[in-house]
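Below: a set of structures, written as structure tokens.
What follows is chain A paired twice: with chain B in the first complex and chain C in the second.
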Partner chain A sequence: MSPGLPLLLFQVGARVFAAPAADVRRIGGSLVERPEEAVPDTALGRPWDARRGLVVDGGDGAERTVLVDGVLGLRAAEGDELVELPAFARDVISTRALAGFARIDEVPTLVVDLPALVRERRDGEAAPDREETNRHG
Partner chain B sequence: MAEGKTKRRAPPRRRRGEAATEADVVARVLRAHADGDYAARVDVGAIRDPVLAGLAAVVNVAAEQARVRQDEVAARMEAVRLGVDEAIDAMVRLVVQGDLTGSLRLAVTDAALTPLIAGVGQVMETLKRFVTEIREAAIQLSASSAEVLAAATQNENSTAQQATAVHETTATMEELKGASHQIAENAQTVATIAAETLAATQQGEQAIRAFMESMEKVRHNAVEVDEAIGKLSRRVERIGTVVEVIDEIADRSDLLALNAALEGAKAGEAGRGFSIVAQEMRRLAENVMESTREIKNLIGEIREATHAAKEASDGNKRMAADGERLGGAAMSSVMGILAGAQGTSDAARVIHLATQQQRSATEQVVQSMGEIESVTREAQAGSRQATGAAAELARLAERLAAMVQRFRVE
Partner chain C sequence: MAEQEQGSGARDPAPHGNAPGASADAWYFAVRLGDGRYAFAAPLVTEVVKLGPLTRLPAAPSFLPGVVTHRGEILPVLDLGDLLFRRGCEPRPGARAALVHAGPWRVAVVADGIDGLLPVRRRHVGPPPAGHGASEFLEAVAADDAGDVGILDMPRLVAAARARSVPK
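Coming up: the complex of A and B.
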């Protein structure tokens, strides 16, 4: 993660995450033209309302829409606000889609690699364990 | 004046004055005779006047004859007196001794006493007859007086019983009069209460009619309120629909703003202005969504309020219907009560009049009983007097019988 990275803040359930804005092609509504493109359930958890969808590259030439509860906005993270994920955390966390932390308004916020998250989901590498995710979050 | 015997002498020659004096002498003797003194005499020899002397002689003779006659009369009177006294004594003795069986015997016999003796005999016979009749009458009187006394005593007892009965009846009538007074007063009170009840029932009927009219108005108003609520609900739904559209537009605007901001962020410095515009647009969209949320909240509150109003209106309609139904039932009951109250009032009025008449009649009866009791007391007093008189009569009869018992007629 480089300083000045524009991050898109979004909410899944009660938790707020961040993702590089460049990874998001567009932001859509909850209705998806093709249901097979929707990703309602990820390692981040299952959204409550799924009012928004983050359209990302699915990795197979198709777009995928990660359903989230809401998009909170865009923030440009400065250098000291971005923290790489520690090695031991990378080892213990089941998903590989976490890029690090961003300190947003003094609150540590996970930075998610959405395309990787979509690929994981597609490949079935990480089963969404909400309890474990909540514990690490 | 010379007294005692007279002797004729030749009259002396007298003068005129002497004639007057001799006349006076004769007059004085005549006056003495007039006074009843026939012993007075004129001294004929002392009178010279021959006429006076002759007169004096005649006077003396008359006086002598009168004296003799007087003596004879006196003697006869004495004899008669003695005979009468004897007769009286004999009659008294006969009456005292009660022996009427014999006849009168007098020691003095005088022809003048014959009528007396005859009369006395008749008196004795008459007395004997009277005694006999009185004795018989006394016996009858005694028997009759005993019967009268018995009858008077029985009459007195009966009168006393009658007086007691009348007194008890009078007392009872007095109590009845008091009860009649109380009944009349109670009847008056009942009539008054019945009239008041009737008036109150009529007022109640009017009140129920007014209540039913109010319920009708309430029901009508509830229907109008229901219609107004329906209109309001439909308008609120339309508002909700519009707000949904606005919300959708705001959401799309927000989404558009987000995408614009995303592209601006991706463009870096070149998209900075675009990001700012997108940010403002997003703010506007958020404001709109905030407003639509508020409107939705208001719409929700209005829906709740209209729902509550609808329920209240439905409740009012149900209550109005119940009220009308209950009012109808109450009206039926009140009409029945009214009819009963009318009948009760009429009956109470009739009873009141009847009790008034009864009280008047009772008072008249009490007054009459008082008069009867007074008359009874007088009759009782009369009976006592009659009994007393009968007892006195019986005693008198006994006394009479005892009195005549001592007379012997045979």
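Coming up: the complex of A and C.
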């Protein structure tokens, strides 16, 4: 039996996301030694409390720490629990850091490509989360 | 119909007292947006379902409030009111949605209300009025006992939404 893909579940604001555990070098607190390595807000939104940090490869030789509100644990996802984003949704969202979904307890949970997320943030590619700005203003 | 001016008069008034669909020339699928009724070609609709839990997507346009799972398939939810008039319906779990094939995409369409199948006689269909908020996507205006219904070109509407939102 395949061991499945280990996913790290984490929370940003009210939302729960997953990311391949292999993309996370370590889990830290919100205090980052070099402030320039902290990534406080991304296409996933801005964390409420930013109590934890997911340390990932920044792609430029440095590490980046994506600040999140909490780390909820590890979960292995089998192949049939991993689903691509629907083509229409993939086309219209303004981030390329959403890899797809993992069906966790029958609920589709977004799987995030963390290195792509920090690259987007660094390069200024990602627009702010349009959901809130469009729905309320 | 909301934001709908009176039609051009090119169509006859709808007859009263006919059995629904008894002599329909075409079938449409009708929804409600605000005070108005809109419809699109019924064959595009594969099923009407109750929405399950909505998974919201970050960095999504407001007409895409999220995705839902239906029989193992993950479907984008398209808020028709937001797309046409920027007045979304804030879909909740349990709300009804029409599963629609629009071009190459399959989406769950939500509106303020789902009316369902609408039989239309050809002679009760007229051209769309100019200056209507949704006129870009209106193919025609039909009439029945309940009043006017805007007939939408759904594949064009969905394609335009996608084109408008594709990140540059």
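Definition applied: the second predicted complex is superposed on the first by the 127 of 137 C-alpha atoms of A that agree within 3 Å, B and C clash if a C-alpha of one lies under 4 Å from a C-alpha of the other, contacts with A are read in each partner's own complex, and residues count from 1 in each chain.
The rule is short, and it goes like this: contacts are C-beta pairs under 8 Å (C-beta built on N, C-alpha and C of every residue); 3 or more make two chains touch, one makes a residue touch a chain.
Since the structure is predicted, the reported quantities are computational estimates derived from the model, not experimental observations.
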Chain B and chain C placed together on chain A: clash or fit? fit
Looking at the overlay, what does A:35 touch: chain B (first), chain C (second), both, or neither? neither
Across chain A, the partner (chain B or chain C) reaching more residues is C
- Task: Determine, under the contact definition given at the top, whether A:92 touches first (chain B), second (chain C), both, or neither.
- Result: second
- Task: Once the structures are superposed on A, label A:22 by its partner contacts, choosing first (chain B), second (chain C), both or neither.
- Result: first
(message) A:61 in the overlay: touching chain B, chain C, both, or neither? Say first, second, both or neither.
(response) neither
State whether A:43 touches chain B only (first), chain C only (second), both chains, or neither. second
Chain B versus chain C as contact partner of A:73, first or second or both or neither = first
Taking every C-alpha pair between chain B and chain C in the superposed model, the minimum, in Å, is 25
On chain A, the footprints of chain B and chain C overlap at residues none
Chain C partner, complex, touching residues on chain A are 15, 43-45, 83, 85-89, 91-95, 98, 101, 103, 106-110, 126-131, 134-135
Chain A partner, complex, touching residues on chain C are 53, 55-62, 64-65, 67, 69, 74-76, 82, 88, 104-107, 158, 161-162, 165-167
Per the touch rule, the chain B residues reaching chain A in their complex are 251-252, 255, 258-259, 261-262, 265-266, 275, 282
Counting only contacts in the complex, chain A reaches chain B at residues 6, 8, 21-22, 24, 26-29, 51-52, 71, 73-74, 76
